[in-house]
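Letters are used for the chains, namely A, B, C and D, taken in the order the chains are written, and counting of residues starts over at 1 for each.
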Amino acid sequence: MNNQKTKKLYEFRKVAILIAICLVFTILLPGVFLTWSNIRSILYSVSLTGIMICGATFAVLIGGIDRTVSGNAAVAGACCCSLLLSGDGSMGSTVLAILAGLGCGILSGLFHGLVLSRFDIPAFLMTLATNQVLYGIVQYITQNKLINVMNAKAFNTIGSARILGIPVPVYILLICFLVSYVVLNHTVYGRNLYSVGGNREASKLSGINCRKVICIAYMISGFMGALSGLILSSMNQQASATQATGYENDVLAAIVVGGISLRGGSGTLQGAMFGAFLIGIISNGLRLLGIDAIYHDLVKGVIIIAAIAFDMYSSYSMSGMKKRGPFRRKASSAE
Amino acid sequence: MAETLLEMKNIEKIFAHVHALDHVNFEICKGEVVSLLGENGAGKSTLIKILTGVYPKDGGEIFFEGKQVEIDNKHDAEKLGIAVIFQELSLIPTLSVTQNIMLGKEMSTLGMIHYSAEKKKIAELIQRYDFPLEADAIVETLSVAQRQMVEILKALSADAKLIIMDEPTASLSRKESEVLYKIINQLRDQGVSIIYISHRLEEVFNLADRIAILRDGKNVGLVDREEIVPGDVVKMMIGKRLSEATASRNLTLSDKEVVLEVKNLTHLGYYENVSFQVHAGEVLVLTGLVGSGRTEVLRSIFGADPYDSGQVIYRGEVLKKNRIKHTVSKGFGLIPEDRRTQGFAPLLSVTRNVAVTNYDALAHMGFVNRAKEDELGEAVVGMVDLRPANPNVAVGNLSGGNQQKVVLGKWLTRDLNVILIDEPTVGIDIGAKDEIYDFIEKMTMQGIAVLMVSSDIAEVLRVAHRIIVMKEGRVIREFHDGAVTQEQILLAQSGLKEQAKEEAQYE
Amino acid sequence: MRAKRLMAALLAALCVMGLTACSGAANADNASGDEAASADGEVQEAVGEVVEGMIATKEVTVNPYTDELKIGFIPSNATEANGTAWGEGIREELSYWPNITYNIFDGEMNADKQSQLVYDLISQDYDGIILQAYNSSILAAAVEDAEAAGIPVVTINLGADTAYAGHVAMTDYEAGYAIGNKISEALGEEGGNVVVIQATPGATRGEELESGFQASMAEHPEITILDEQTGEWNMEKANTVMQDFLTSYGDEIDAVFCHNDQMAEGAGVACQNLGYNDIIIWGANGESKALEYIEQGIITGTVYTNCYDQGATAARLLMMYLGSNIDTSTFTQTPVIKMPPITVDSSNVANIPQEDRW
Amino acid sequence: MRQETLRRIISFALLVILLVIFSATSDTFLTANNIMNLLRECSVVGTLAIGVTMCIITGGNDLSCGALLGLVSMVIANLYHYTAFSLELILAVGLLTALLGGLLNGICISVLKIPDFVATLSTGMIFTGLIYLFAIRNESGLITSETIRNETIASWGGSFGNGLYYSTVVFFVVAIIAQVYLKHTKSGTYLYAMGANRKSAEYSGISFVKTKITAFMISAGTAFIGALLLLGRNRAVETATGTGLEFQAISATVIGGCAFSGGRGDAIGTVIGVLFMQVLRNGILKYNFSTQTQSVISGVVIVVMLIFDAYYNEYMQKKTTKASAVAREKKAVN
């Protein structure tokens, strides 16, 4: 089969899974699930993790993992909110505070990039530890109290305002997605990123500065984490020392469910978004159905396993490896 | 001679309409060493892979100990007592020698391994063959030679009746090789049959009881030990087709400008005092056995590895050490030794892989011009005649030859001044090989300086304008003009005694 | 000043003990605290008198005014507003005793981690532990062992399922009950529909609030509970849950009950964003931000507890035990000091002074 | 000296350095009580980490072990609360639950061929969901938790007279058994083979499905033992029991020398890793640090250790390749 066609079918398969699940919920929830307001609320609820995913995908594609997305979000939120409190409330100080927050994320990303590109350290463990450090820093900034910024109106608009009836965070997600998509698919950097993730040695021998590529990937991840932290702070009109805890797990889950290989170099941003929406839609549907929260994890786990198994199975059968099975040796045509 | 152990009759194998094996017959008796000779792509590996169940055969019959057998997978082969010592080793790096040898057939009661008993057994085995090995050494700490010995032991401990050795001495030192010869002789005495594949003719001549020669997937000769005449064997291997073109070659010293000059390059422990010049439009081949430091020189020139002293000079300009981007910007390209680990990203498409080196031309302000990129992909497919002719195929799914074409395509599309090529045709079928040689020739026509590393003599003769022979990290010989023959290079590479005589003749 | 405070603590605690503490226990005639007569001998004697004959006594070995003592506070989450406020209340109170080393150990929202911390403090020979349990059953064993090791444990807000020195309660059951009543009051005769944004399933505090709330609902059949979902204690999750409620039920929803203030704030923001301005939203805790939200009309009310005071009370109670001859390990029932549940809405929010907001 | 041995010594040295620093600067760290307590703290995470070691050696990962531990404890608590089963029967059902969980993991990974990470992430969710289903309810149907008042269970949390807890002993016994299993049994050897070089392992007749299922069954078994140890200490189960333990276990395993790529590491390494993590966790409490300083310092220590370890490895590798090259050079000269 033509490879491009197959690839398109792969992508379609993911959409098909989503559509199937949506269809089930639409039938179960007539007039509720498939409404404009519910779609809006799904988008809104996915926007935070979605933005983090846009960043973390970069880190996973180069063969790393970034568990500090939540720490970056928390540091950025705390840093920004404390500056907002000490600022004079003018537009200038608000912008400065936002930039400072984003700067925190980029700095943290730079650090991770520098260390992880230089040393052969399991990124999983490294970012687990640094995430703890980042939360320690957040605790220093917040002194373990809520930083209440409900009076910073300009800042809070980000989280609460709507344009054409759609909340601003959704637009930000859209922008992040589009920018990341363009970066990954239409820029030299994106090409180099996939190349480094796919084969670092070959990329090096092709004249790519692998360390730079890796550093930038983590910086983007840090930036997106920080951005979502700012939006979270703005939505909540506060910064807390526990802000965004646990998001790193949601983000990682969405990414792996979306078919991005943890070995790097393979997978798409659309796939990761599919993961995010799969989890988001299931949660939303279960809540709308009024199913008790205690069943949510169970149902989610089963659906994810089923979806992945279906995905794996159909990718084998579509690539014509049905008879042989996925792990049999493939007789190559080369001698 | 003893009774026949294995007989392969009229074996056929067709790859993509090409007869890789065309009614090939092969026979080996018990306690016999038969050497399978042939150029790369003559069908040796295919035959072996059919024998071991890696490939299904498309025709013919196999008899083992008189009975007709079907070998569908490696397990079948093993049951029969056929063991292969592959070039690419199949050991478990983190386990010990004993554990590796006993893997899958441990001595145990209720799952508990009698490790000391196993160790004793393996130690005895090691002692019997006098291997420089320890029974409980961890495999990843061993040298390549030692790992190979482990592989041999593994075959022996499985009571293999037939051991196939594919280029076993390729990465062994002379002393290590001699140990191996001893082992082979010992095995023969014990009634084990050995199919021995090697490019080192002198060892074949010394070891083999018989030599079976393949060319272009056909039997071309079977020579008994007593009848071996080295020149005839080489002629049979090379055949008529190539004899005129490449059996010997007239080398000429180019008078064009010097593009690349390497001066006293030294990387302690890898190579020492290497100096040479490459002219525009010239192919300089660095040859020598594996481990002679050729690849390391190439990588250092490209900036992929550091060096301790010396200079790399491009058109009078001293290049910075260890800076690939710098050398690439000067118009250098590298086709690396192991394309699988260094050449391409297997999951990415042809276009993406090829474009990696070309974004300076394909992108504007950091944005990729996709139309141009696709064009490039299409262009490369046409340029290197990729099969299937689809630029969107993931490179990992291509055949070895086509993968190499992709790696070549990475650089062909650039304005190159110097290309460094490392063993471009290993594991590639004949057709694709020829195409790759054509590209090299085309490049020289464009005035590109080519520095190539190769251990395939036919290949060296086919493309070289000048030949440098390296051994143990030093340049030991240069052929720069006049006619040179395969024999000469072979002998020079191996450092045989005739060397002195030859040198006198050609220098 | 010192004496006055200690006295106040003693009186408060003993009153409660008189009401709830066990009686009986043997060995009443054991040595009383005369050896440990201290600078404030008067107080000590008073303790001795009250205690003797009521509960088991032990030899007084420490003098809370002069000895180097170590007190640890283990909140379920040291990095949240509640935990910080309790911690500061305790610190404030203990700062009057310069001889006391006080430290906070974060329970990281993990009862097992808290249990490990208790054991760690036992092994370090701490003199007293103040604990805000994340789960009362899990902590029972550790608290029992601490008491057995002679370390009095005073709990805040959520105690352990066993008998120990004392508990300063935030009265979650009563709070839930009071909120239920407030909601029914606001909805009047014809009643209405209410949704609940719950704590993480299995959290003891959520369970208590829910029980109290349901008890109130049982008395008000005109109110229907439409739906219950978890907001995982978390503001933005509650925001999402509220949006889903509004999608499902829209105008049917009259009131929302959230198991903490953060979730109430999230629900409030969701309602505001979606234009549902007349929904009654109740939280529970009384953190400063919630009070501001009440002032701004984003949420309706909360149950306020003065966490500083609560922390200070716990500290005082603990200090009393440290200087007394009461053997807390023999208690068969835990003395409880109840913090009054103050329901706060726009009518009385101004009464809470800034310095009491946390 | 073998490189592996040297690495082992290095990681052990790091642990010792940590111990020395804490002992020297704190007077409450190096006390019999604290050491016994520290070893007790290790036991649950440690036992779990031993199981995770098996999964990581096969080149996989087990993110579901924490939830499985919670599930097993919950099943035991549930049966204890609602049924009149004997304790033996309850434990048998608990063990069965664990093994079924391990089997589910193994099947998802080996038969359905879902990558380990995704598979165990999802099964972890399923286990968490089941915990809620099995949770004990109060009269009005709300999830509650209840202290188990059972002498036998309580006695598991006890200690020998000298302060050495039973759970510590269990942990070390499990570790020793695991070490013997990994190094001296067929099945243990196969785990390494599968993780380091799947293809040649399969050529040697080792079944991928069997090996994976074995690894995850063992992990489930250790989750069961861990659950018992936790029950003995806490004598109660809540819905959040076990949450987050998997990350502690995985971290300890990796610090102890396991590589996610498989084929490396052993039980002793994991024990060192667990001790390192717990010593750090315990020692840091001995100072009057604020909670924020505690988390920053412990994070930084781990990062520094990782960097040191990576740097050292790199250095050793360079040295060995250079040494062999130099040796070859010498041979050439001779």
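As a working rule, contacts are C-beta pairs under 8 Å (C-beta built on N, C-alpha and C of every residue); 3 or more make two chains touch, one makes a residue touch a chain.
Bear in mind the structure is a predicted one, so any value in this text is a computation, not a measurement.
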Both subunit A and subunit D are touched by which chains? B, C
Neighbour overlap between subunit A and subunit B returns D
Most distant chain from subunit B by Cα centroid: C
More Cb-Cb contact pairs, comparing B-D against C-D, go to C-D
Which integer distance in Å separates the CA centroid of subunit B from that of subunit C? 75
So how far apart, in whole Å, are subunit B and subunit D when each is placed at the average of its C-alpha atoms? 44
What is the distance in Å between the mean C-alpha positions of subunit A and subunit C? 37
Mark out which residues of subunit D touch at least two other chains, giving numbers and ranges. 132, 135, 143, 290-291, 294-295
Overlap residues in subunit A, where contacts from two or more other chains coincide: 135, 139, 144, 293-294
Contacts with two or more other chains occur in subunit C at residues 78-79, 201
So the touching chain pairs work out to A-B, A-C, A-D, B-D, C-D
What part of subunit A is in contact with subunit D in the complex they form? 115, 119-122, 124-126, 128-133, 135-137, 139-140, 144, 252-253, 256-257, 261-262, 293-302, 304-305, 308-309, 312, 326-327
Would you tell me which residues of subunit B are touching subunit D in their complex? 74-75, 90-95, 99, 103-104, 106, 108, 111-113, 115, 137-138, 141, 143, 173, 175, 268-270, 272, 291, 471-474
Tell me, which parts of subunit A touch subunit C in their complex? 32, 35, 37-38, 41, 44-45, 48, 135, 139, 142-146, 148, 150, 160, 162, 167, 232, 235-238, 240-242, 284, 287-288, 290, 292-294
Where on subunit B is subunit A touching in the complex? 15-16, 20, 41, 43, 45-46, 54-56, 302, 304, 324-325, 327-329, 334, 336, 341-349, 352-353, 355-357, 359, 362-363, 366-368, 370, 390, 392-394, 399-402, 410, 427-429
Using the touch definition up top, name the residues of subunit C that touch subunit D in the complex. 78-79, 101, 103-106, 109-112, 115-117, 119-120, 122-125, 135-142, 161-162, 200-204, 207, 210-211, 214
